[in-house]
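If you scroll down you'll find the structure; I have some questions about it.
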Amino acid sequence: MPAAKRLFSKTLTLSDITCRRGGRVLFQNVSLTVPPGGIVHLTGRNGAGKSSLLRLIAGALPTAAGRVLWDGADISEMDREDYAQDYAFLPPDDRDLKLLETARENLLFWAMLWKIKTPDAAVNAALADMGLAPLADVPVRVFSAGQKRRLSLARLRMKQSALWLLDEPFNALDSHAADLLADALRAHAAAGGIVVLAAHQAPALAGVTALPLGAAA
Amino acid sequence: MRHVLIPHLARSLRLHLRRGPEALVTVFFFVMIAALFALSLGGGQDIVARAAPGIIWTAAALAALLALESLYHRDYDDGTFDLVLMSPVSVFAVVAAKMLCHWLLTGLLLLAALLVVAPMLFIPFAQLGVLILSLFCGTLYLSLLGGFGACLTLGSRKPGILLVLLILPLFLPMLLLGVLAVGASLAGMAAKAYVLLQFALLLPALPLAPYAASVCLTMNVRSS
Amino acid sequence: MPDDECEVVLIKTFANPTRFLALIRWVMPTASVLAVALLAAGLWLAFFGSPTDYQQGQTVRIMYIHVPAAWMALFVYTSMAAAAFVGLVWKHVVAELYARAAAPLGAGFTLICLVTGALWGQPMWGTWWAWDARMTSVLVLFFLYLGYIALSDAFDDPQKGINAGAVLLIVGVINVPIIKFSVDWWNTLHQPASVTRMAMPAVDLSMLWPLVVMAAAFKALFVALACLRLRTEIQRRRLAVRQMQQAEHAA
């Protein structure tokens, strides 16, 4: 297999992060440096703060203490739109998919919003990569949970960002789709991208760093 | 800006049309309220014609506020706004696009519905021009104000009714001017001054409402 | 906007309010005493120390409560908007809490104005209400107050309520002159001239004194009550912060 071209080269640093939600401290003093090509697996009980940490890295949640650095720069000081270009977020469920629209229409909305060049081609490629090409013009209303998940993942890959923040990406996926996803993660890491994912089981990949969360950690 | 407007227009129109009957609820509501007013006033031409400006404006205001929840609060509830904030896109542009979509789906339809409501309220077709111009300004203002109110109430309890309670007092100046404009026209007097004042009210709202709404959207969607 | 470090948040929460609480400790009793004294003086002047109007007779005396109440309604709303702006932009804790403290008081003054307006109008025109310029404007102001109270209470997260309320106040205060102008204009065109204004008699010096004293009395009363409410709000927030600290240490 030819060596993957390095598309991305930025580093993610979590520096002494404390997260507080609803008055409770979820975790404290979390630090980690993730070089390009790193895959981080967040572990912990339900409610330990895995989803919160993902949102925190995305800048959607403020830190109670500590900083998130992207390529050395504090994300809270970066322009929101600039940073948003560099990361792609996968929510834990697929509620935001519009059921009355087709798969293609759902992706086209975001493709245009994200100013992706040649949106039609990008949408077709993304659907094909996740095995959804035959369902492209089917309304999402009739999709199974696994198919909706794959659609959200297709949207994420379409964005071609360096940093992937995935909340329960393997949920509802059958083994074939899970393999597709694992391949995608591997390829992304090989290209220098960074993956941070919250999942109950460790992904079947090599070189995954585990980051346990919880106030006791 | 076009890359924000086109997907929002396409999506709004698509969803609105595919939801079927729901699309016409706004128009139906407008016509029904106008009919209700006319009937409860006794249906006599003298009273109803005198009350016509007020009836049209009140009915239009209430009907336009109906559609706000599906455009804004639904996107808040299903997490679309979360993803928008995590996109390299200007929130101002997104909100402005939504306000335009709201107007196309309510204000524009209400203007068309005037053709049905005007005769019901004994408004002569000759005066329809001023009425349409005045309501065009008013419904646009309402879409702007309504979008602001919707973003202000994202995540609150009972946003639908709260939104109406907050917006109506702020809408009062436009409503009064509009009623004066239509009333003057029906009495055969010049309505130009009133319509100009209406537009004077609308113009600063065009940039300010999306700005205020984008501030509120960012504030309310950000998780605490 | 990310929170600052824990310590800074706690300092911001405690330092300013502490100064304010110390301020309140001597301002409130002073204002209360002033309020009682001025109210007594004002009411005496209003009922005994000023002449009756040759047109309206004794009922004109209601004006001495009605008009200062209207002034207070507007003054309090404007002050709420100003404090909300400061609280929103500079995150000043006491400024943030001021609007919530003052809102019921402002609404109270507005209600007093509306009720006294009705009491004044009844003997003059035989109706308990008239859509004249002032009454309509005051009614709309009342709706603005109620709207603010409803909005700031409608969120599960109290900080979101404070922030949303602040934006509403800023937008509202910009609209107040617009509303006043449009109502005035609409009123002169729609109402017969006799009902155009709550006919305030040509203000004579002897009538000015009770007005001014009552206005000062209302201001002092407001300051006293606002101090009380602000103290409650500050202590409520302190309690919340303390509970948060306890939860952290226990975890």
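In this document, chain identifiers A, B and C correspond to the written order of the chains, with residue numbering beginning at 1 in each.
Throughout what follows, a residue touches a chain if its C-beta (ideal position, glycine included) is under 8 Å from a C-beta of that chain, and two chains touch if they have at least 3 such contacts.
Just so it is clear, the structure is predicted and the values come from calculations on it, not from any experiment.
Taking each chain's centre as the mean of its C-alpha atoms, the one that lies farthest from the centre of chain A is C. Chain centroids computed from C-alpha atoms place B closest to the centre of all protein C-alpha atoms shown. The greater number of contacting C-beta pairs, out of the two interfaces A-C and A-B, is seen for A-B.
One simple way to say how far apart two chains are is to compare their mean CA positions; for chain B and chain C this gives 31 Å. Between chain A and chain C, the centres computed from C-alpha atoms are 49 Å apart. A separation of 38 Å divides the Cα centre of chain A from that of chain B. Residues of chain B in contact with two or more other chains: 224. Looking at chain A, one finds that residues 62 touch two or more other chains. Across the interface of their complex, chain C is touched by residues 18, 20, 23-25, 62-65, 76, 215 of chain A. Of all the residues in chain B, the ones that touch chain A in their complex are 3-4, 6-7, 10-11, 14-15, 18-19, 78-80, 82-90, 222-224.
Partner chain B is touched in their complex by these residues of chain A: 21-22, 55, 58-62, 80-82, 84-85, 87, 89, 91, 95-96, 98, 100-101, 105, 108-110, 112-115. Interface residues of chain B, counted against chain C in their complex, comprise 148, 152-153, 155-159, 162, 165-166, 168-170, 172-173, 176-177, 179-180, 201, 212, 215-216, 219-220, 224. Chain C contributes residues 1-3, 5-6, 240, 243-244, 247-248, 251 to its touches with chain A in the complex.
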